[in-house]
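Heads up, there are several structures right after this.
Consider the two complexes below, in which chain A is the common component and chain B and chain C are the respective partners.
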Partner chain A sequence: MYRVKAWTTLTYLTPMIVGVGLISLYPILYNIFISVTNQNLYHFRHYSFIGLTNYQSLLKTVDADFFIVLARTVLFVAVCIPLFLVFGMLNALALNHPAVRFKAFWRVALIIPWAVPSYITAFVWKFFFNGEFGTLNQVYRVFAGAQAGLPWLSDPNWAFASVVIANLWMSYPFFMIVILGALQSIPSELYEAAAVDGAGGLRKFWRITLPLLRPAILPATVLSAILTFNTLNTAFLITQGGPFTSAAKPGATEFVMVYAFREAFQLFNFGYIAAFAVVIFAMLFGVTLGSLRFSGLVREEAR
Partner chain B sequence: MRVLSRFGVPMLIYAFLIAMTIFALFPAFFVVQAAFRPGQSLYSLTLSLWPDHPTLDNFAYIFTKLPFPTWLRNSLGVSVGTMVAGLIGSASGAYALSRFRFAGKQMTLILLLAIQAFPSVLALIPIYLILKTIGLIGSPFGLVLAYMSIALVFCTWNLKGYFDTIPRELDEAALIDGCTVTQAFLRIILPLSLPALAVTALLMFLTAWNEWVMASVLLLDENTYTVPVGLWGLQNDYRVPWGYFASASLVVSVPVVILFLGLQRYFRSGLTVGGVKG
Partner chain C sequence: MIAWQRWLKSTALPLVALAALLVGACGESSSNNNTTSLNRSGTITIWHGYEGTYLDTKKAIYDQYTKLYPNVTINLVHKPNLTDAVTAAAGAGQGPDIVAWVDDQIGKWVKLDAIKPMDGLDGVDQSYMKGQFSQAAVDAATFDGHIYGMPEAVEAITLIYNKKLLTSDQVPKTTDGLYTFAKDYHLTHPNAYGVVWNPKDAYFQAPWIYGSGGFYVKADGTVGLNTSGTKDGFNYVASYKGLMPSGVDYGIADTLFKEGKAAMIINGPWSVADYKKAGVDYGLATLPVLKSNGKAASPFVGVKTLMLGAYAQNPALAVDVMKFFSNQANQTTMVLGTGEIPANKLALADPQVQAITDIAGFGAQVKNGVPLPNTPFMSALWDPVAKALEAVWTGKQSVDSALSDAQSAAEKNVSQLK
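And then the complex of A and B:
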């Protein structure tokens, strides 16, 4: 770390600061401004200030859209993350097992879902879930008869499960790679010593493997929880946020970002959704800061 | 017991790996077989794993009858633009944040963190309204600007993180020997960071290449569409044979899947990448 003349610092920082200021920070500040106006489809150019009305209508009752959408998204994260973790862990343990051969082949095969662009993932799974032509129901009919079919995208609970499955497919490789890397850095002496002391396989896993994986798994879990919370592509492209049981209520897979996207770009409620964005951002930033402090990263950055 | 752990456990593991591989690869295989399947034969009530009469018609159709080549060109332009502008805009700033001591540094880092915590879908709303006001809605240039709102912050974090791992002694020794700060940056730090610069650039390229949400809102005309927006239009219409969509998907994703798998060796921790791939 060295001191340089103030104008040198300024020269070096200018491109980034100006760029970030104009195209990242300014829109966020502008968003806060929109959130206290009534800008929407009918008041697009001639909008007026309405104070905190948008925030009030956002949070007015416990069954407001905001709370429904938020609760559903938290449930979605709570279902997804353990599944990602278990699948990632099992795959990593299998790939790390000394008896397994052709490790490079398995590894590449299992990582491919991560490499596929998420909009293509969404399209393919949307086709799989299709009630008539969908591959899943084609397979189901082989066993259950020609008239059978599961309501993958037409029933609210099944639709929720469908989005979870598609998300699991594209997300477990991330955990697999993170856990595999951490597994390979555990010194084998630990296991040998434990074996000498008479510890069995399960005991070694709970007492050695899992505690030593924690530092790798925790930040990965926080990051993945935030990304899952922000799910848009898979949910929107597969279900459009639906199925909808009533016109006035959010659909069964209308998670936070799907709701924001639909309200903003299909219904054009800019002022309202800008207030929604401010509240959601405050929550996400709180989680980010909390998890960074938790893992000691902030102190390190301050060095 | 001994026999079980000698053969039974590996068998179980192989069974698991085979099941997982089918789960992982079936969707990819499905796109491949759909791409070679003629006409509407995919829309069937019964299962068929491989077309009876494989054909290249779908590929011929998308390249000659659809604006697919235009979409490819647009995607390429937008992605390269985002990649180049992201790197140039962030490299010197990342160096300053890694090496210089100055007032307001802590503030800058926290601000960057806050910006990164602002989900891009939510940022899209003000970006859309601003671009509309300045008349850049529908223009690929406006889309690059929108992508830059993610790219600059990401590149700055990523490069700063890498610069931090280069031993300080290297550039400090150069400064003592009479190098200027700029020489230390250009002659020592940048050459040592070439792999990190390349990986960051390619990640930016992939992000822009695969991005659907922003492009679908900010592009209005079929001639300015990027590939994801164009393909979404095809896929969403059940009158259009899914084979067109599948063959186009293969053309755009096979190169990026290979690129991703190749880059994967350089992900020092998966975390860096997890942050970008949406």
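And then the complex of A and C:
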């Protein structure tokens, strides 16, 4: 058998090891290091080791910012993902239906929200939602009278819904594309056979389409859930994390990344927010591993 | 400590080597001359946020310097997010020779090692500063007893009115008068407003809060959000609910005034060029006197300042450039071009400068102002105060509970910075 010397292998691997080390490992380790220091505006260069104090203040009480922010973010993901799925699925099914004409045109039109830079989309939606001059309220006033208006961005619950709507607009094309690709790979013989056996449209969908889409939908869902969990642009650009109902509590749309951004780059609490990031990272890592195992997408290769 | 050692290796050693080279070079040239003469050669990099007329006018002054001393090159670098850029560069142990920005960042940047004092460099001391600049400007440029900046222009918000909608003697003189005017005007013009400003930002509420004797934070870190003066200021702002659009912010207030849908606006000198362009015939008036204590409303006075970068390689030359830029003759030329209010008191006294109505108008307001705090603790206050204002403005919290939450949030932030 041909044997390769260890150092040859290592030489070939070096570019990859250096790359992963610099881009991925070093920032994570540095972040963990910062999380046990008191680095902030006053202790920027000359910070010191303070042990787990940051973690304590993070998780000390049940009503700490951490848990409020985390619960809101989980709720945000739980609301967004089913909406992405339903809208992506409906559009994909429509695009795949033989009765629909000008498919190329529709496909491009429906992908546009995905292709536009997200900060532009966010600002457009911010204008739509504006209470005084926004498009949505102008249309609403036509029906409800000149003084009417919905508190799109000024009421906590409405603002949450606004961010969900804008995020849905930006994210459903991804699901549409993934599902459409999977739909087109389902052999038409299956449907013909089902028709021969007397299955109706709904039955075909539940028994053939959905099970065969599963391998495509699952990884897309996991990926999208993580991306949605880490939303910064959409929420920050539309609401800046607000509306705020008190100076002592996080805002209604202050999701994990918005909170981290504000604490790190507006308040400069680097040590505290590094601890926050470590806890969030550990959680996401666990959830991702668990969901991948559970869905059987990653299996140990049989030797 | 690990971080310290890393820093030593990556930054300090090359810097020391560089410094040694520079000292060697300087030592040779200055050995023949006396200590006060300066070797005017090298490159000075200035980070700034100037645009349009401001940039053209200021660049002309720097061009004059390089014409006088051809061995000096001055690089003007426009930074769109200057405060973030300076903060990030300081973290990496880098930065320009000169930073041109408002003085409220001084405390923060000193703590971040982004800027350094210039006392004793090229003859700069307190008596030089006091001879050149107004007292407020000298105070703004001083932090912890050291001089960190060479002031250029001062700015404060004032009352700007649309001459087509009201005459100068209709402009209210007291806070009660302003409120009554806004109420009556909105009644008679349901689609327009008597006075607008951004009611959700700490900077724009300073006139009412500091005028009432309240304050945000002191240099020692004392937070003043639960003082009765601050409460009075908050109550006054809250009384305008319904007299301004509910979603009003800086941009909306600005647009309303430009479109003639607001008779008055509270805004700063940076805004008037746009109003001129929009065809608004505007006049300036000082902010009203507070009914409660008879004192004038006191806006924050910010001072645009040239600061010495912590990593400036030729500090004496950089300070020389700053002194040239901020001298009487050049500041007179500058403000005649830009319409800014000069921090140089000799330039402000110039009859040509005094003849400009905008400068005289904002200048009158500056006299009633309080210095924009340059303590780093101020960075812990903007956010809680803005949130409290929002909670009050949208009716989610009463003034009392909003301020008590903001007080505890701000105290927590301040304690983390100590």
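The criterion applied here is as follows: the second predicted complex is superposed on the first by the 280 of 303 C-alpha atoms of A that agree within 3 Å, B and C clash if a C-alpha of one lies under 4 Å from a C-alpha of the other, contacts with A are read in each partner's own complex, and residues count from 1 in each chain.
Going forward, contacts are C-beta pairs under 8 Å (C-beta built on N, C-alpha and C of every residue); 3 or more make two chains touch, one makes a residue touch a chain.
All values reported here derive from a predicted model rather than from experimental measurement.
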{"item": "Clash or fit (per the criteria above) of chain B with chain C on chain A", "value": "clash"}
{"item": "Partner chain in contact with A:Pro187 - chain B first, chain C second, else both or neither", "value": "neither"}
{"item": "Touched partner set for A:Tyr42, first chain B, second chain C, both or neither", "value": "second"}
{"item": "Touched partner set for A:Pro215, first chain B, second chain C, both or neither", "value": "neither"}
{"item": "Partner chain(s) touched by A:Phe174 [first = chain B, second = chain C, both, neither]", "value": "first"}
{"item": "Touching partner for A:Glu132 - first (chain B), second (chain C), both, neither", "value": "both"}
{"item": "First, second, both or neither for A:Gly290, with chain B first and chain C second", "value": "neither"}
{"item": "Which of chain B and chain C A:Thr121 touches, first, second, both or neither", "value": "first"}
{"item": "Touched partner set for A:Pro82, first chain B, second chain C, both or neither", "value": "neither"}
{"item": "More chain A residues in contact - chain B or chain C", "value": "B"}
{"item": "Partner chain in contact with A:Phe265 - chain B first, chain C second, else both or neither", "value": "both"}
{"item": "Region of chain B that runs into chain C when the structures are aligned on their shared chain, from 38-46, 128-136 or 254-262", "value": "128-136"}
{"item": "Chain B and chain C contact sites that coincide on chain A, given as residue numbers", "value": "132-133, 265"}
{"item": "Residues of chain C defined as touching chain A within the complex", "value": "1-4, 7, 84, 90-91, 108, 111-113, 245-248, 252, 376, 379-380, 382-388, 390-391, 394, 396-397, 401-402, 405-406, 408-410, 413, 416-418"}
{"item": "Interfacial residue positions of chain A with respect to chain C in the complex", "value": "33, 37, 40-42, 44-49, 130-133, 153-155, 242-249, 251, 262, 265-269, 272"}
{"item": "Chain B - residues contacting chain A, complex", "value": "9-10, 13-14, 16-17, 20-21, 23-25, 27-28, 30-31, 42-47, 88-90, 92-97, 99-102, 106, 108-109, 111-119, 121-130, 145-146, 148-150, 152-153, 156, 168, 172, 175, 181, 185, 209-210, 212-213, 217, 228, 231-232, 235, 242, 245, 249, 252-253, 256-257, 260-261, 264, 267, 269-271, 274-275, 277-278"}
{"item": "List of chain A residues in touch with chain B within their complex", "value": "1-4, 6, 8-9, 11-17, 19-20, 23-28, 30-31, 34, 39, 87, 90-91, 94-95, 97, 99-100, 106, 108-121, 123-128, 132-133, 135, 138-139, 141-142, 146, 169, 173-174, 177-178, 181, 219-220, 223-224, 226-227, 230, 232-233, 237, 257, 260-261, 264-265, 270, 273-274, 277, 280-281, 284-285, 288-289, 292, 301-302"}
